Amino acid sequence: MACYREEFSITTRSHDELVDVTERVRRVVERSGARDGLCSIYTPHATAAIAINENADPNVCTDVLEALRKMVPDHAGWLHDRVDDNAAAHIKATVLGPSQSVPIAGGKLMLGSWQNIFLCEFDGPRDGRRVVVSTLF
Amino acid sequence: MACYREEFSITTRSHDELVDVTERVRRVVERSGARDGLCSIYTPHATAAIAINENADPNVCTDVLEALRKMVPDHAGWLHDRVDDNAAAHIKATVLGPSQSVPIAGGKLMLGSWQNIFLCEFDGPRDGRRVVVSTLF
Amino acid sequence: MACYREEFSITTRSHDELVDVTERVRRVVERSGARDGLCSIYTPHATAAIAINENADPNVCTDVLEALRKMVPDHAGWLHDRVDDNAAAHIKATVLGPSQSVPIAGGKLMLGSWQNIFLCEFDGPRDGRRVVVSTLF
């Protein structure tokens, strides 16, 4: 098997934010030379996540963030808030998870027409949010 | 590495629905000839997801759908509803995610006795919901 | 491709619990001899899940469990409770999912400094909760 891997960094600008990284992931897949295989997108942070959904209407991102705020309210008595004051960010990151996998066919990610890949920031703004892209083929 | 991939389509019959695709995935794994590796199940849609849970009692599926409706109420002021009126479907799809991965051992999926694989429809009924099954071995 | 796989079992001690399995997964990765590839961590149970988050402050785990209890209250009229009385456990397991994937680089898991891997028990205490670790490289 070949495993080609690259990493890039994102600067986030808000406390909660979905940053579209689809094009950067696509370019890694191209450089990897993978024709058929699997692409794993991973973020090595405990208050960030990787998610896949629509960006044609960016309101979808706004709605996702608002829904997560309702599911996991800030400062709702979380114990970790006494230490770092970012418990809700950890909980949201756990629910969404740090990675996604997308098949590669004919050298392209098999994303649907309405699917984009996002780095989800839950404790920003921050420099240096890392995204690790691995292709297995 | 070998990467064997097949795709199939599902017609959904309700607005929210979990469709058991375990047998169809199993048959792809058999045809792939994989003995030991990983099976990725992916749906390229922004209002659908792939999940794994029990189907011995189909009420588990009903409960999962009801719980998601409580977590993400329909038409709760979501901005994307002004465009497509299906924001809740996008949010649920983001929370569950478009893919799952299951190990393959001795030519079989390592699903537990109570685990089945589901296409989750959140914006149906629809024709042509695609499921992409990839085996890496 | 090489696929190296090992399985281990966990005894859980509470009804809801996050058990840190990072060291056990790390040792499998070492024994696999993988230098660069992907590690899949899978649990073949319908009332358990695999998640990744912080354990430096164990309160993060307590907060995650409490947040899931609020999102999916016990005995809130779930139909499956009439059969097995553990519907909330199934729903939580569906939301978090049975697997996570982490890249391997230079023979090491690419976990961030604040990331640990957890078996999530939602219907314990139980003996013999299985965790399947596969490395593809």
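Read from first to last, the chains carry the letters A, B and C; within each, the first residue is number 1.
Everything that follows uses one rule, which is that a contact is a pair of C-beta atoms (placed from the backbone, for glycine too) under 8 Å apart; a residue touches a chain by one contact, two chains touch by 3 or more.
No experiment lies behind these values; they were computed from the predicted model shown.
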Self-contact between copies chain A and chain B, residue sets same or different by half: different
Between chain A and its twin chain C, rotation from the CA superposition, multiple of 5 degrees: 120
Interchain centroid distance [CA atoms averaged], chain A/chain B, Å: 19
Interface hub residues of chain B, defined as touching at least two other chains: 1, 38, 71, 95, 97, 101, 136
Complex contact set, residues of chain C against chain A: 1-2, 36-38, 51-54, 57, 59-60, 62-64, 66-67, 71, 95-97, 100-103, 105, 110-112, 114-115, 136-137
Residues on chain A engaged by chain C in the complex (per definition of touch): 1, 3, 5, 38, 40, 42-46, 71-72, 78-80, 82-84, 87, 90-91, 93-95, 97-99, 101, 130, 132, 134, 136
